[in-house]
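What follows is a set of structures for review.
Next, two complexes with subunit A in common: one pairs it with subunit B, the other with subunit C.
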Partner chain A sequence: MIQQRLPTGTPIPLPDATLCVDGLSISYGAAKVVRDVTLRIAPGEAYGLIGESGSGKSTIAFSVMGYLNGGTASAGRITIAGHDILTLPDRKLRRLRGPVVSMVFQDPMNALNPSIRVGEQIAEGIRYHTGAGKAEAEARAIELIDQVKLPEPEDIVRRYPHQLSGGQQQRIVIAMALALEPALLILDEPTTGLDVTTEATILDLITEIKQRSNVALLFISHNLGVVARMCDRVGVLYAGDLIEEGPTAEVLQRPSHPYTRGLISAVPSIAGELEMVGIPGSLPDLTEVPKGCIFRARCSIAIAACGEAPVPMETVRPGHASRCLRWRDCLAELNPPQAAAVRAPLDGEKRLEIDSVIRSFPGARRLPFLKPRPAVQALRGVSLDIRAGETLAVVGESGSGKSTLGRLVAGLDRPAGGTIRFEGRDVTALSRERTVDDQRAVQFIFQNPHSALNPHHTVEEIVGRPLRLYLGLQGTELRRRIVEILRAVRLGERYMTRAPHELSGGEKQRVCIARAFAAEPRLVVCDEPTSALDISVQAAILQELQTLQRESAHRTAYMFITHDLGVVRQIADRVAVMYLGEIVELGATRDIFSRPQHPYTEALLAAVPELRPTRASRMRLQGVVPRPTNPPSGCSFHTRCPRLKGDICSQKAPPTRSKASGHAMRCHHDINTLKALQSAELENRTEPARP
Partner chain B sequence: MQNASASASSQIPPLRRYRLRPVDLVLGPVILVVFLMLLVPGWIAPGSPTEFDPMASLIPPGGDYLLGTDEFGRDVYTRIVHGARPTLIVAFAGAVVGVILGTLTGMLAGYAGGRVDETLMRFMDALMSFPTLILATLIVVMLGSNPVNVVAALAVVFWPRSARIVRAVAMDVARRAFIEAAWVRGESHLFILFRELLPSVMNVAVIDLSLRITYATMLSASLSYLGVGVHPPTPAWGLMVKEGQQFIQFASWLVVVPCTTIAIVAVTCVLLGERLRELLAPAHRGEQ
Partner chain C sequence: MTEMIIRRVGLLALILFAVSFMTFMIVNVLPGDVAAVVLGDGASPEQVHLLREKLGLNEPVLTRFVSWLGDMLRGDFGVSLLYGQPIKPMLATRLYNSLVLAFLALVLSVPVAILLGTVTAMKRGSWIDRIISSLTAVTFALPEFVKGLALILVFGIWLEVLPGSSLIEAGRHPLSQPLILVLPVLTVAIGMQPYFVQITRAGMIEAFRSDYVRTAVLKGLPPHVVALKHALRNGVLPAVAVIGMTLGNALGGLVVVETVFSYPGIGQLMVSAISARDVPIIQSTVMIVAAAYAVGNLLADIVSIALNPRLRY
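Right, the complex of A and B next:
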């Protein structure tokens, strides 16, 4: 999968590199957020910068664009194709942005002006820099839109950004960035906000652009799988220090720095052989940078010498360097990751039964005499059940209705039809209308811990509230219990008096989990509980959730809503795959992750950028998710399905096909045909799996 | 990275975030003087604000009388100092009552949404459609001219304006997950309103209050000027303007001095509000 462009160990001669960053140090006030970073990117090379949030990767990207945003570059030089960026005045920098260096941002919605047609937005830069006429610039815009593989470019140029999907918008942003054929293209988390199937097609596009032109890519990402797929070389940033650098395959497979090693073991994999492990601790205070190794406080193999003097970059092998004194011991001494425990199948009593639940959101009325907009059909007859002690993952892309389902179960919303039964009792109602015991027994963990905690309450008040409300605890008994619960989520007593803003993202989510478990729930709905967190924190939080489940006296069941299939593989017993408000496949985790699957599940799995590339399928979904206001007839997936059977797919709703293991999918193909189709494709492939 | 540092600065408690600005050097003494005028007017102006002295009428500022005297020989300085109470206490009380009503209404409308929101806010719109001065005059004339009714009039004028501002904030906060968390936990509406929502709208309400006091000062002065509200010989500042205007051609200080005082207090309140806003509600970036 990873193919080396440069022979390992050939240092790029200085004048040939497109981007040279030499000894760059940037500070914001007293915080030295980037320190002495040196890197080179050759023409046609893709260089990945990885690290957790706060590592300084975006700061470096922006400074390469000549934008320091109130920071100061206290030392160093940045040269792009011979232009010394940090010394140029603003006026000259503006001339470079576009023809020499350009940038693709994380959120295309913010990068595009909502009130200007996208064609004009692309043409604007062309006209400013080349002095081209209006017609000429527009012709070029159409050409660019065609190059980023958008259908009917003549039509697309006249659209406004809101008339395009997220993936299409990102393609427009890429077209804008490529308009003037820059020497260096910076991609700052270009696919982070996109669905996994869209992400895969965008990454394919970037790969193709890279192969076609000689542009140098600086690829910023926190997703190691994306970097593994896209980059030739990779640099690992930690707290502003470049701590390891080398060819992607080598760094990711033979990491020579404990931090890189930690990052890699924290990644949940859909291959799922290995248990993921978090990195304990958090980023150091960058106003007082320690003298020695910056990672020392979190490092498990640190020795006294690590704290004594700045650690130099040491060459591991030509082209691969690590800022660690003990890099030789790195692979040997750190505990090797353990194989993930295989969970026994559960056959407890049914805790939650959802039966053909429907929910649609009526469209807004435009004017009194006009017809209202069509209703969004968020859930179209969903049935599933969860047993005691079980974790059921609900996966799907945005708009699949997975969050709506979770909200219905928690009683944040009421279904329009169908029933939800909890322990046999009908709880098809808002949580307020349920009995106190049911309110207590079903808890909800929100996606974004930053907004799920009242900023004006202390941790003690937040965690203590369910104890007061449901159990009537008070005084010392209340306090004792709060401390106990905080310990269970690995927050000590000292956190009691803290306010949410004094906590890190991971700590906030722990408080949310503590609040949910204070109620001694029997079912917890987790709505993407780790998607707002760093990867190293995610691993720890997921382990926390698993431990709490194992130790819970009530055999707590989880309904785990997520878009991350790696996470699913790690924690779920069973998986429900949703598409456009329907469950297309439901079965035990190991069944879902082994062939054959529903074509949609197959595409989802194929789209996941994996760190250790093993998956064979290269299936890509074309087109966009149909509007949930008007779902396609027949099988709702037929508009994008790469394994169409024929007209029947668009005419008749597919039957449910089940295997003995309780694995069920809805497809017109029978299971053996799907199996044959999937195997045939694998055998036919001759070239290695580079998309 | 940039976001991280911005949100870090907004997370420092207000008092520790305080940095002295040049404007504070002007604001501080003015606020101190206003407080002295309110609390102990006798200390800084020992004379009587209402005692006539026919021998000393219409003396220009300077000399024995710092700010001159009026047609009855009353010392303008003393009247200004003693006038702070009837002017500002009424204004302050009116603004406080109005902002409290507005906060409650706005919070309820923003939290409940739907029909409750529609009904409350349309009622507020109806109140707002009256020009402020006319509405206030109407209320005082209808209820009778005394300080309590002036406070009521000011409150009614400010109620809808505060409600709108608080509602906007409450709507934003009510959508956040911690409100949903309380809701799904089965908390009572009162608990959610007062324990979960109120702390988040307090900043805005306090800042709004400081601005409302400004308007209230001017509005109560206008009411006095129109002859509704407080009666002579109370040395309310608005009343002083009204009484002085007939002598404006040859004793302009009778109008200029109280007008300037009102202006200074009003501007001070506005600046104070600005400073409070900087301290209490910095943009909460990265915390959505």
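Right, the complex of A and C next:
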């Protein structure tokens, strides 16, 4: 039974709200994952729900669809356009899913049925809910595909999901959600996992949908930049409690809760003025919810009163409320974020030199006498070097070849041409063919810590292995060193006996880092080490990586592979921007982030959704990345370049240009022309950047 | 797709060659003199020697293999040592009988298994799931001859509605006596069932847990559309592969059932040939079963590809 209870919060009175959630509590078994959440979304309004994994934001999103999946709504009420969702029988609830409320999912590849054509996946809902005929529903599907701006809709309807790119798949999911013109559209991390350039175009599409219809949007995201760009109001969830709510700009600029404040400080920004700071501690156990403020244990300004009674929502300003007793002191008492340290290129000895490296993956052989499929040209002549103590970031969209490059350096793969020299020695070989010292000196940190640790080994065995193998440590000496290394990555001695499954994502990645550093490496290849982690954890891990580098006796160099330009800004000394297996721009971090850049770099930067308003370019890349089996002629970026010069771009390879020492980019435009083009665009923009 | 089929057929030939080589070697390298076994205990060394000469057993093993393989490729399977007749027509009738049995069992058990697998997956943990799952576990644990004998006991002896022996009169088509087929087909079908049900159930459970099924549910589609259209198509994929393999397996596995029911199939032929050391028949039947196994696999792959657009390139 669902009890009726008055909300303890202070909802904004919105009598005509599309979505009303009142005092909603949801539990899975003993865990009370959502507690007493109240929120309203008006027609045409975009409401962002933010929080880290485990905050309960997806649980709320699915419960709004009436989909609890094993959970129970122990209290509260959800009303969409007058329909009381939690009390409806299945049959009636079904009638609402699609025409009244629909959802866009994270990970479109899995959200679409792999064996049904996408047109049918859109059309079937239309047929079922409206009783339309086959032809009529398909015509409408084509219309919808056109509306989400996919080319040649008549062709797309007949495709299967695997024949579309990630961005195209997400457009199909959006078309599916819009098919019956719902009153409320829920977007659950709709761009997580997509490339930043794709993300930007999907967000543009959602903005356009919002502008032309009166649909209410519930936008779930862990990415504050995305929420800042998309939402009118925002609610912050922590461990199942709504702890702050208000207009987006106000909450993000003047947070009135220590947790919101912490989240914002953890975001790496491409503007790069402020240093990012993690939030120490971890989520509380939700089977026994503490009586007072749920964030108390991690809060640096908590007082005795915080633990005594439930903290009510207090109004900060009209429409802005915080569940903090000390919200007035929040801005004053928390340490202000510090200016980020400026990183500049170092001039130590060259530790790694990569020269004209080529790697292609031969296509599958068909029949003995037929030609094999064309080879994937993953790297087409890449040259760069990394100096001692330096962090070089390698950025680019998926398929740019950045991970392949990392694997070659680490000896996990062998190049087809070119040389890789480590400290002057040729190491163009697989790891096992290198000398033991070279094996030890080059370490790798993987993207996914969940699969990078042997589930049957304890932390002690994992971290101890390189110590025994490479350094020959044994007995008490071995143990002492393991503890020392674990402390360096902020894991105590008590973690020694744990197995990987007893660790959180952040702790697992710390173990991976500890394992890499146990070998006393002189070069560490980090392949997206934080992309699977929450931002507060990401900030802490990145800080630790920087501390380890600073304190390492060997002046460890990092090759840091990432797609996150905010992270790049914060930790890299130099940046290599890759596109289709080539470096299109390479230079000091400050030169990459200051105008003019290579048009591709410019587009990457323009695509990043920023938390704080910037006067950035609004450049968007159209079309998809060309197939790496057949890279375009001339400049490989010419098929998508918004600053195309002319036929020369498709005919001749671009020359290398430089705007500062150590900087190089490959473009047919000269530096001054690019500068003029970029300034002109910024001045022509009449409307200001989003407040 | 055609490209893949051509490649797989090539692979199939290679596999069959390997099988033929191994079978020939095993049978010929085994201790015990074929000639002596054929002639019986009372034979004199001269007689044994003569027969060895006649059978070509004094040639080197590789030479014999090549000539045997050559004969077989030309369609000459040799002459039975026991019956003194050419093997080919014997093989054809027996193979046909076995295929009838296996095919009928498959046609009976696949739809039932998919139905049971889907129902148990949808009602996972309910009493209906528990009953079906325990029943299939029990039938899986029982050996074929126990199931066969139990059926004979119930239907043949107590109820007296069906014949307990499935002998086919010479020259008659198995389908001309449908009654004698019922019990063997049932035994084989019951034997296949648990495997299919479990695999379908596992595949369907995974499909029901998938994001695309959640999408279908949240599209507001009714449960039967979600199950039949969205889950089933992906959920039966693993079962299809297994069914293809089972087809080959079934031909070899018919040995017991055919023996229990005295059904003149290829399995029974193989068993009698083994006890009589009738080497040419052993070799030929093993080759037939291996070929059936490989072809079954190929068919399963083709059906999987037809059902799964991700594999169609």
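In this text, the second predicted complex is superposed on the first by the 664 of 691 C-alpha atoms of A that agree within 3 Å, B and C clash if a C-alpha of one lies under 4 Å from a C-alpha of the other, contacts with A are read in each partner's own complex, and residues count from 1 in each chain.
We adopt the following convention: contacts are C-beta pairs under 8 Å (C-beta built on N, C-alpha and C of every residue); 3 or more make two chains touch, one makes a residue touch a chain.
The shown structure was predicted, so the numbers you read here are calculated from the model rather than taken from an experiment.
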item	value
Combined model on subunit A where subunit B meets subunit C, clash or fit	fit
Contacts of A:432 with subunit B and subunit C, given as first, second, both or neither	first
Subunit B versus subunit C, judged by how many residues of subunit A each one touches	B
Subunit B versus subunit C as contact partner of A:128, first or second or both or neither	second
Subunit B versus subunit C as contact partner of A:622, first or second or both or neither	neither
Touched partner set for A:116, first subunit B, second subunit C, both or neither	second
Which of subunit B and subunit C A:95 touches, first, second, both or neither	second
Which superposed partner A:661 touches (first subunit B, second subunit C, both, neither)	neither
Gap in Å between nearest CA atoms once subunit C and subunit B share a frame through chain A	5
Contact footprint of subunit B on subunit A as seen in their complex	28-29, 31, 33, 53-54, 56, 58-59, 62, 69-71, 410-412, 431-432, 434, 436, 439, 444, 446-448, 450-457, 465-466, 469, 501-502, 515, 519
Subunit C residues within the subunit A interface of the complex	3, 6-7, 210-212, 214-222, 225, 229-230, 233-234, 307-310
Touch list for subunit B against partner subunit A, complex	1-2, 4-5, 11, 176-178, 180-187, 196, 199-200, 286-288
Touching residues (chain side subunit A, partner subunit C) in the complex	65, 67, 94-99, 102-103, 105, 107, 110-116, 124-125, 128-129, 160, 162, 173, 176, 366-367, 370
